[in-house]
Amino acid sequence: MTNPYIPMKAEIVSIKTETRDIKTFRLKPLGGKLKFEAGQFVEVSVFGVGEAPISISSDPDVDDYFELSVRRVGSVTGALFKLSEGAIIGVRGPYGRGWPLKESEGMDVLIVGGGCGAAPLRPAILKLLRSRDRYGRIELLYGARTPSDVMYMEEFEAIAEGSGCRVLLTVDTIAPDNRWRYSVGVVTSLFDKISVNPFRSVALVCGPEIMMMYAVRDLLRLGFKPENIYLSMERRMRCGLGFCGHCQIGRKYVCLDGPVFSYSEIAPMPDKIV
Amino acid sequence: MLKIGLFKFSSCSGCQLSFLRLNEKLLDLVDKLDIAYWVMVSDNDVEDSYDVAFVEGSISTPEDIYSIKDVRARSKVLIAFGACASFGGLNSIRNYMVQKDVEKIVYGSSGALSVKSIISYPIDFYVDVDIYLGGCPPSLSDILEVIKASILGFKPRLPDYPVCVECKLSENECLLVNGEPCMGPIIRAGCGALCPSLGRTCEGCYGPQADPNPNSLADKFREIGLSEDEILCRLRKYAGMHRDFRGIAKL
Amino acid sequence: MSVVGSMNTFIADLHDLDRLVEVARSRYSVYAPVRRGRGYVFSKIEGMSDTDLRYNRTILPPTKIFHRPKEVLLRFQLADGPEFGEVVEVEPMMIFGVHACDLNAILRLDRFFTRRFEDPYYLARRRGSVVVALNCNGPRDEYCFCASLGTGPTVYGGYDILLTEVRDRMFLVEAGSEIGANLIDEARFRRASMSDMEAKKAVASTAKREFRRYADFRSLSYPVIEVLAHTVWDEEADKCFSCGNCSLVCPTCYCYEIYDTLDMDLNSGFRVRRLDSCQLYGYAEVALGGNFRKSRKARLRHWMVCKFGGAAGGELSSCVGCGRCIFYCPARIDITSVASRLREAV
């Protein structure tokens, strides 16, 4: 019996600073590969500090490395930020149910991200663009607090350059002297500009839960079906294996049944914001 | 090197004694710890800055107010060390009496006229506190956790759940259920359920747990026959000044 | 587990059972209910004189032996590393005198800990264990309500050996597995008579009629709106201490916290798991102080709905009617009376 609590070692091969509190760590798994689907996550160990669930943010079709985009908020994420290239950490996983990319073939896809919520959406975007012809229109809406909080900026701009995916960016506020070329306002204010057909679209949404609440409300109003709105949920999580209990939302375990849920699955559950 | 200072205000020095009791446990850390100021142990002068200040005692004289602000200014991390510093502690029982009467009891009618005492407040009434270490005195394991975490620059892992958790995990029969006035349900763990494990009720020296329900405990105490006075005494004993208790402790 | 025919039925008094314990002790650590103060705890015994088979219930349930309240998951070392390795503590164990409710809880946890992944710590201890179950002749006290949930008072499977007190301190002994049969064989019990076997049937049929406490938890589940919105939660939350006693003593509560702890050298350390409770404020707290069950009411409701079988653990974390949470709640919150209030609404 293999012990699912024992992590695999992974080496930090490079670190990219995305924003003042988000870094992307490129990791090389030592002794094995990590095969994953877009939207899945791993449990990251910094020994002596603890573990934290982090979404895999890299291309699922590349398997000699994987990336994690981490926001510094506390103990484990803080300890990760102190590490440099060459450091060894532990990872176990991948866990959870990712985005319904196969099921969405033939439909339009609206991707809505807020803040660090772009991390689990990135593998989905890369995957969708790779099999571009299987989908209808694809649009990406992303919002952050200020221009310096926007992650993956060059990548988003590159995607916007290419054909195949419209990219709309926005920030909540800008400083008076800022040369921000995109919209200003919360991410839902971009909904006026979308061109996907709500009646045959899926929406893939990830961000702070309060943002997801407003996004869902507006998407429903636009005509999206509750079962076609997918949300990646975040809860306190310890084991990732469906045991420790912390990530429950009503009848659901985020680690096993999610982290990606359709809105219709999650809507009736208590103790949540969306 | 982590530069530590230990400071004392109105207190019995019990918390410092606990620090002393760490003794050989601290040997492993000699090359990582510099105890730069500790009145009880050495007569070093106060230095300009400390990485971590352990502050024992409540603030109960006008001079104390000046000194605690001074310690705060010199310290990167300030720890309220023990019940007195964190919540007022035993010293705060006198806040419920007329100050003149208290002074008379303590110093006699003729004595120590120069002593001016004010309401005994926890240190966070005057300065910002980074870490609270409740307990009268704090447990050695909590102190060690704070020292280790400070050296490594982590947030220390201190329980915020109630004493009942440690009590049940030690498989003690519940005193409160059996009609004894245990404070365990509303008091923060950290002591390892020391008193209940010895068959004695929790007296509350660790202060309030993360989400205490003192009103319900007062009802429970009434149900098992405590008088209103006895209930007030129990709620005031260590942490009556804490915002979670002061309403019901009737400050 | 092969079921051995009913011919393998024996009768034993406490002296005979003492022989069984002695035989078992050569291979297993034997755990049984032992008096501690006003309560009982499952702990190691050397003979029948250490235990009391008329016990009402233990403070912590016997599931603690497999799912430990606190245990080390792995050991690590930071220098030149990190290096790490698992720590699984196992000893062959016999759990002696397990009531039907607690046995059913063990069987639920067996399924829970093999649901999608396997928990090697639980399973290593559980798979090497032998269970001697004990039928109840009726409720052990006014807190028991297994009868209405179908989880007692009589045991119907999942044991290696089953005891039924058919006359004063005379026990009918049945084997439920090969291992059980062999142990009984070695303990050299007398065969039971027809009347002993009849007596067992009589015990089983009278036992379930003596219960005074009832519960019906069906369809009291997430996301039933009548359950979620009921005012009983506000009333009970006013009393509740968020102390966690109810779930810490519950035999089907499995939730745990995981954390790292460093030795004094700041180099080596352990990853530990410790029983947690959804009644505690910190349970659903996330980074930066966010909390999805900030209110006591939400926590109390989640705990109870979980025990109704309606939360994410499903029937595997549902109540078996042992009565512990009612007895050990300092606020006298009673799952059976809350359920009957809710029943009126659904």
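Going by the order they are written in, the chains are A, B and C; count residues from 1 in each one.
To be clear about the criterion, a residue touches a chain if its C-beta (ideal position, glycine included) is under 8 Å from a C-beta of that chain, and two chains touch if they have at least 3 such contacts.
Model, not experiment: these values are computed from the prediction.
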Key: More contacts between chains, A-C or A-B   = A-C
Message = Relative to chain B, which chain's C-alpha centre is the most remote?
response = A
Ask   = For chain B and chain C, what's the span in angstrom between their mean Cα positions?
value = 38
Inquiry  = Nearest whole angstrom, what separates the Cα centre of chain A from the Cα centre of chain B?
reply    = 43
Inquiry  = On a C-alpha centroid basis, what's the spacing between chain A and chain C, in Å?
reply    = 39
Note = Each of the following residues of chain C touches two or more other chains, namely 259, 262, 266
Message = Can you list every residue of chain A that touches 2 or more other chains, as numbers and ranges?
response = 48-49, 74
Query = Taking each residue of chain B in turn, which ones touch at least two of the other chains?
reply = 152
Inquiry  = Can you tell me which positions in chain B touch chain A when the two form their complex?
reply    = 152-155
Complex interface listing, chain C residues touching chain A = 73-74, 76, 78, 81-82, 84-86, 88, 112-113, 115-121, 123, 221-223, 225, 228, 254-260, 262, 266, 269, 271, 273, 276, 278, 283-288, 292-293, 298, 301-302, 310-314
Ask   = For chain A, which residues are in contact with chain C within the complex?
value = 1, 3-7, 9, 47-51, 73-74, 77, 88-90, 234-236, 238-239, 241-246, 248-253, 256-257, 268-272
Query = Which bits of chain C are touching chain B when the two form their complex?
reply = 36-39, 41, 59-60, 69-70, 238-245, 248-249, 259, 261-262, 264-266, 274-275, 277, 280-282, 296, 327-331
Note = chain B partner, complex, touching residues on chain A are 48-49, 74-75, 78-79, 82
